[in-house]
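You will see two complexes here that share chain A, one where it goes with chain B and one where it goes with chain C.
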Partner chain A sequence: MAVSAVLRSFVSGLRSGLRTPTVIQLGRCHGTEVCLVAAPVQPETSHKRKFHSTVRRKDLMEFFDIKKNWGQKEVRSGRSWTKDELRIKSNSDLHKLWFVLYKEKNMLLTMQEECDLVAELFPNPERLDKVEESMVNLQDVIKERDTAVKLLEIGITGDAPTKECYSGLGRRYMHKYEEHLMPYWRNPRHYAKRYVVDKPRGFTREFLLRLWEKNRRQKRKALGFQKHLLHEARKEYPGHPIWAEKDVKDLTYEEVYHSKMSD
Partner chain B sequence: MATKTYPLWKPGGPQLRIFLPDFYMKLVRPARAIPPNMAHFKIDMKMSKIDVKNYLTKIYNVPVKEVRTHIKKGMLIRHPAGHKVEEPDQKYAFVTMEKNVEFHFPNLFPDVVRQALEKEEEGFSDALNKMRLDKSQKWHRSGAPTWFSV
Partner chain C sequence: MHHCLHRPTLLTGIEIVILPDGALPLPDLARTQRRPGDLYCCSYSLAMVRITLPRLDTYFRNFPKTYVEREKGLKRHPDYKRYNYRYTEHRPWSMEEKLENSVNRKIGPHNRLVHVPLPEFHVYRGDMVQILIGRDKGKRGEVVQTVKERNWCFVGGKNLKYETYGKFEGMPGKVVAKEMPLDVATEVALIDPVDNSATEIEWRYTEQGERVRVSKRTGRIIPKPMVAQETYEFKSRATYRDEPKDTLKKEVTEVTFKPSLLTFEQDIMQQMGIVENGKQPQTFWY
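The block that comes next holds the complex of A and B.
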């Protein structure tokens, strides 16, 4: 009971974090390592200092790097945000950080575009990768929280449901369901075309048989090559004890490759 | 945006709010002269005029008056193998701001910085020339370090 109560309070905290209107104090970061998120707004009675180190400069000039880096050949930057670091942050903090990263990405793209236009080298292009990596990490962390809430409250992950289907060529694939305004029984032609394809027969059956034959041949070819390698190995090392243990037909190339020569 | 699946919108439904937008916008140098209260952007193909306006006003605090968008077709490039390849299309936006706003596209490669970098390179080339001269003059000691002498 105690555990469930704790979980419930945790969930309610998550939900309140999702629902409270967040005041976005958009910060500016030069290089990813200085991405200090704007501190959450404290109530006026709090004695904590309202401090954040980022500069608020809301303007069109935010699309460019700081003036110090213009025309430079090298721009130093730190590493990207890891998942463990992001998991500690609150939802509102993550929301702010998203916009900081977002602006950084726009800035880098703009600088890259201009560099291409003037035929100059874009300094340290790995900065873009770092920003994108931290954005992906942030999205993953938010997804984790979402699924946790949904599993506790409803018992499902909330992802789109899937179904095994046959494509027009008779190949099997997993179909992902989408939301439609019109129900499927109102649109039978589309439904018949899209989702209900029978098991392969006729031409598709013929096509599949040929495809499978091709795959089988490829596999057999690979096996034959392995056999060839085995015979080569036997010629090279006739004194190896593995030849006495087993017949060559029962051996695989990997077995021989990883076996040890005894002295 | 990718983290959440939004329900389909239909007339009368609640307005969709995007918490984590993933559009990109690039500020580009305009090909021709435009008034100082205008800016030229390369934008995501998914963005609409309303999206551009909201984006700039909410995130960058730019007073937007009007937005015009157009899509430029990707160029056809001749592939060395013989066939032709089409580049992806690109959406552009001309954004007009309030009259009092003034924006000029800055020169991102200032002459002062360029000259300083060139000076540094000159120093390197001097050292390189000296090394080459030494190599040609002291051919009998090739491969031996400078401190090695009898």
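The block that comes next holds the complex of A and C.
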């Protein structure tokens, strides 16, 4: 409903010749506005950059590596960006770097696909991991900054709240809240999920008791295996200095076996 | 595949093929990557030949961990997961490692390995060590590879195992020498530069705060070999040459961050001159 209303207003804006800027808000998730901006003819003083395009190339070959690297057995690259290096960079630098990394990742994935198609080796596949690591680090740094600002200004981190819920079989889990445009009483998909907030009782409780018993047995078995591993390790590495360490020295099989056993 | 082979060299009756760096693997293993120092199946007539080029343990230490973990195949779907993973002297992306730890290879609980890595490893690649056990007891050699997960070191040309491959009717086959692993804690000793004999070592600090290996008997520092610094990226950290896509060091270390009370989005919107005039619809959290 809301989206179609916004679209209608956009269409009407188009018909009216777009004298005023129309912002189409497509949704809002966790503080990130997904919006489409249709820039109308505006006075020159309002803003400087109207349109941005890549400088060097504009064709689809930007998805591919440079021709020099085609068919190479080895394409060298440096390491990924660390968090400490990203922390000293301004927001605009990070914003630019994100798109550099994004384009690089697209290029590598395209090359990987292309190498598979022509039955060739994709040289240095660890490059993909390096780019992804950099992107994860970059996002973490931005989140750190945003959290700090929000805590200072509003006093909250801005993360989605969670609530303790019980599933239909009585198992407990943490339900993470999501932001919706529709209220919950009009959302049939939400109703189909049937969140149970109360504690289990009756037959569900009986089922749970059996489940916990099974889990306990599994845990006991795993501990027995740990004991076996310790025994094997002691046999295999008799002169190992780890046995002389304080924590390991006093560890006996009985302790391993009975530790963490609540009942 | 023959175009990538050098001529075999004869060395004390053992035929060894030295491969150039980046030799091509077999076509059915298109996904696996080949690096210098990996064992190589060159052709069916030649059988398997071990390369005596230095096999490098720390060579790939700067590789992203996610890549190495993915190649180990421990986090795959249960149907394709590799259980009871064994660290070997081969890298996780090499063919030999994949054969050793293949999905079809079932290892029973009695054969399962327990990895108890040493808290700190005191033997590096390039160290001269004395062997304390086996046929080569008392002999010395250079460490060509270490495997930290198994507490192993390989001494070049020592502790060899000979295997005959490709023996057939009327065909003599090939004898191939393999270096067998030695336990670092018990089977190998470092050599004291003062009296040129095997010694135990101790970790101590110099006055400059540097952590060094010191001989227990004479108190002499045993320096760390330069070869141990070498990785896939550089021979030594000082001699690293920038790759074409590397960011310059000057640009990386430049501080451009200015603290402000704007979130990332607000800051970017302000810089780009994006003004949000639209009314935000009501949202519901559940």
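General remarks:
As a convention for this text, the second predicted complex is superposed on the first by the 147 of 263 C-alpha atoms of A that agree within 3 Å, B and C clash if a C-alpha of one lies under 4 Å from a C-alpha of the other, contacts with A are read in each partner's own complex, and residues count from 1 in each chain.
We adopt the following convention: contacts are C-beta pairs under 8 Å (C-beta built on N, C-alpha and C of every residue); 3 or more make two chains touch, one makes a residue touch a chain.
What you see is a predicted model, and the numbers here were worked out from it, not measured in a lab.
In the superposed model, A:V118 makes contact with chain B only, not with chain C.
Contact with chain C, but none with chain B, is seen for A:L229 once the two complexes are overlaid on the shared chain. Touching more residues of chain A than its counterpart among chain B and chain C is C.
Once the two complexes are laid over each other on the shared chain, residue contacts for A:G71 go to chain B alone; chain C is not touched. In the superposition on chain A, A:R87 makes contact with chain C only, not with chain B.
When the two complexes are overlaid on their common chain A, residue A:Q139 makes contact with chain B while staying clear of chain C.
Contact with chain C, but none with chain B, is seen for A:V149 once the two complexes are overlaid on the shared chain. By the touch criterion stated above, A:P183 is placed in contact with chain C alone, chain B being left untouched.
When both complexes are overlaid on chain A, the residue A:T204 reaches neither chain B nor chain C. By the document's definition of touching, of the two partners only chain B reaches A:N106; chain C does not. Touched by chain B in one complex and by chain C in the other are residues 73, 95, 120, 142, 146, 160, 179-181 of chain A. The touching residues of chain C, when paired with chain A in their complex, are 22, 24-25, 27, 30, 33, 62-64, 66-67, 70, 109, 112, 114, 116, 118-119, 151, 185-186, 233, 242-243, 245-247, 252-258, 261-265, 267-268, 271-278, 280-281, 283-286.
By the touch criterion stated above, chain A contacts chain C in their complex at residues 2, 21-25, 28, 31-33, 35, 37, 46-49, 73-74, 76-80, 85, 87-95, 104, 119-121, 124-126, 128-130, 132-133, 142, 145-146, 149-150, 152-153, 160-161, 177-184, 190, 228-229, 232-233, 236-237, 239-242, 245.
Against chain A, in their complex, chain B makes its touches with residues 2-5, 7-8, 10, 19-22, 24-29, 39, 42, 59-62, 103, 106, 108-110, 113-114, 117. Note for the complex: chain A touches chain B at residues 26, 58-65, 70-73, 95, 98-99, 102-103, 105-106, 109-111, 113-115, 117-118, 120, 135, 139, 142-143, 146, 158, 160, 179-181.
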